[in-house]
Amino acid sequence: MNRYEQIQELAYKANMELPKLNLVIFTFGNVSASDKYLGAFAIKPSGVPYNELSPDKMVIVDFDGKVIKGKLRPSSDTKTHAVLYKECEDIGGICHTHSIYATAWAQAQRDIPIYGTTHADHKTVDIPCAPPMHDDMIQGDYEYQTGYQILNCLKEKNLSYKEVEMILVGNHAPFTWGKTAEKAVYNSAVLESIAQMALLTEQINPKAARLKDSLIKKHFERKHGPDSYYGQ
Amino acid sequence: MNRYEQIQELAYKANMELPKLNLVIFTFGNVSASDKYLGAFAIKPSGVPYNELSPDKMVIVDFDGKVIKGKLRPSSDTKTHAVLYKECEDIGGICHTHSIYATAWAQAQRDIPIYGTTHADHKTVDIPCAPPMHDDMIQGDYEYQTGYQILNCLKEKNLSYKEVEMILVGNHAPFTWGKTAEKAVYNSAVLESIAQMALLTEQINPKAARLKDSLIKKHFERKHGPDSYYGQ
Amino acid sequence: MNRYEQIQELAYKANMELPKLNLVIFTFGNVSASDKYLGAFAIKPSGVPYNELSPDKMVIVDFDGKVIKGKLRPSSDTKTHAVLYKECEDIGGICHTHSIYATAWAQAQRDIPIYGTTHADHKTVDIPCAPPMHDDMIQGDYEYQTGYQILNCLKEKNLSYKEVEMILVGNHAPFTWGKTAEKAVYNSAVLESIAQMALLTEQINPKAARLKDSLIKKHFERKHGPDSYYGQ
Amino acid sequence: MNRYEQIQELAYKANMELPKLNLVIFTFGNVSASDKYLGAFAIKPSGVPYNELSPDKMVIVDFDGKVIKGKLRPSSDTKTHAVLYKECEDIGGICHTHSIYATAWAQAQRDIPIYGTTHADHKTVDIPCAPPMHDDMIQGDYEYQTGYQILNCLKEKNLSYKEVEMILVGNHAPFTWGKTAEKAVYNSAVLESIAQMALLTEQINPKAARLKDSLIKKHFERKHGPDSYYGQ
């Protein structure tokens, strides 16, 4: 298996997880897997149902969004993926879904407050919601600009893509990423749980308070800090 | 396979998708597939459980609602289907379910506001909710009048059935349609997602705003405009 | 198969539907099937998981609640079933679950308002919620009294058990019945859908109005009236 | 099978129930099974997906939280389990999940009010929510302190761990226990149902009242009292 086939295989497997995790219906959602050495990523072809996918149908695209290999048209969100890979060199996989609860928060244009340790196990901050773009950006190269809208939002909030591997794009839906495509999908599923729990928390107690800093720190560090003791 | 058998096959397959997509329980819901050349459609028999269906049990009905072929009684909603086929020559399939979230919006008698791109990917307007009928229409030929209630609602809101392939009938439930029966079922599943997301959006942010026009236009056109770049 | 074995078979099959329809977890819920001629019914044994049930484990009980056949102890709700069979001669099956949404309405001690045609297809009135019993009834023969609490509630609201085949027992959970055990289970699943839709309707529109009388009449009669045209 | 292997087997089986009961995704959640005679318990290894578990991968730990047998690192929550086993001699199994509804109540920092008989069948009191710990406890031996936070909460509310086999840890998630690991898992699933029903009850009727004492007593005693008549 050459390096192109390797990222096709990774992207294929990661895409196939989306329906199993109830994150998509029909052809919604797309995952890509990248190879820094190749300067390219493999991504789901546009509008093809999951049960018709195969590794060789994954389209190979460079970090400027240009198709390198593949007969099918890549996902319509391809340029957003390209921008993120180009600007964030440690990202190995990106996932985009319209999962129900995370998308509802995006539509509501609210950051998801950190209410508990399920959230803190993964992120130390509220899940950011990038504002909808200005009209000229929308009318221009929309998907390309979506990538920069994500990066600008992180920058404004002084967040690193390495720490916050998930974002809501206002009025649209979530994007998540990680060192691998598999991790990006994992982050999408975790985000969906966090999004549902946060809404329920506010319904149970409209005055629920954000998690206090000591607990945020503790839970994040036990999973991700230098002295982490989670996992093998 | 003759043309009658072809639409029976299409209607059968489309009906069988409804329980898989969690859009119906028991015998709720019905899908039909039409053939303009025959001036007829095939529709689910009334009250027969999905696991007892077969293509030959689909009842053939003309566009006036008269049964042409089949030993079983057609769906009690047959005349609503007939009216829509008669008045809208480009419809090839119609789907009616009592799916939970879309039906709740119908019972609440509210249009579903367009809150995000999941909605805009499919429709550029709020999903219309037709008002309940006047009592004389209800006491008359009820299912026939339901068809006209749908058409009158589209007309009053200045909407074409070609652009808006889904509607809520107030106090009742959704009807969706499309060029094929398969597309009509697809629209029912998309509507159910949109309906759930819209309610959650309002719960997360009671002041959530409708999607702005530039985003509505962009998302609809990338899927359906002359320069669309979604799908293969 | 003798008549005892026949109702054991019917009760067994009906009980096995409960986990498939997501109406119960673990050993929650019970269904019985009766035979007027025998003056007896078969009911689930108490506390036995569904996957360990078999027809011969169904306990045979008379209409006074006395065990006639069977080595296992019958459901703890047996006397409630017995009272209903004794007082309502046309009931052939009874179902009791703690399904999530119907139970929540029972806990909220509210009748479920008739908001749409899904409800009207089955019942012409709000689903009644019987008030919790007086303390002396609770401390006495509790399950026996539960049966009379149900009957008294129907009487006070001037409802016949033949028309309203479902009730909520306040602070407890739903009971449903029908001509057969299968129909009783069907009614429990329909009730769960109606209960969920009604809550969502109120969340979407807190001022949602009850269905108007003409629509209630039309939908009920097309399924159940003398000129009904639903089913085969 | 020796005694160590026996608790490994029990812990393995109980852990495997968690994804089937929809109480966890990925590697969230952990169950342990203890043996008083050994003064040890078997617990899920940290961060290992459920479909990669096997009985021999369960880690054996003593009641001070020290690993006795096993090559893998035990669950990061191990010390909480150890404290509970050490202080409560009749506990044979402990379960910790981040199930959606119970976790939302924990995040909302509210006890779950007893609204119905589903709750009373299992507990006679509101499900307690322990307050988040003081910062010095969090910064110290966090998981160890979590165990004492649970015990202190029960003590302050004058509750026995034998009667109340479930608790919410504020801002975190539920812990449940029982005479066996299987029972601890059962309690987690029951708690999740109770948590969902309680939220829905408040949404249906914001003024819903707690269950009255006579009903609480009756339902608990028919399942657990000296004259209980539930089960075989």
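We call the chains A, B, C and D, going by the order they appear; numbering starts again at 1 in every chain.
Rule of thumb we're sticking to: contacts are C-beta pairs under 8 Å (C-beta built on N, C-alpha and C of every residue); 3 or more make two chains touch, one makes a residue touch a chain.
In this text the structure is predicted, and so the values were computed from the model without any measurement.
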Cα-superposition angle relating the copies subunit D and subunit A, to nearest 5°: 90
From subunit B, the most remote chain by mean C-alpha position: D
Interface residue overlap between copies subunit C and subunit D, same or different (over half shared): different
Interchain centroid distance [CA atoms averaged], subunit C/subunit D, Å: 33
Chain centre separation in whole Å, for subunit D relative to subunit B (CA means): 46
Centroid spacing, where centroids are CA-atom means, of subunit A and subunit C in whole angstrom: 46
Residues within subunit C bordering two or more other chains: 203
All touching chain pairs, where touch follows the definition stated at the start: A-B, A-D, B-C, C-D
Residues of subunit D that touch subunit A when the two form their complex: 25-26, 28, 45-48, 72-73, 76, 98, 100-101, 103-110, 132-133, 135, 138-139, 142, 171-173, 199, 202-203
Subunit C to subunit B touching residues, read off their complex: 21, 115-118, 186, 189-190, 193, 196-198, 200-201, 203-205, 208-209, 211-212, 214-215, 218, 222-223, 229-232
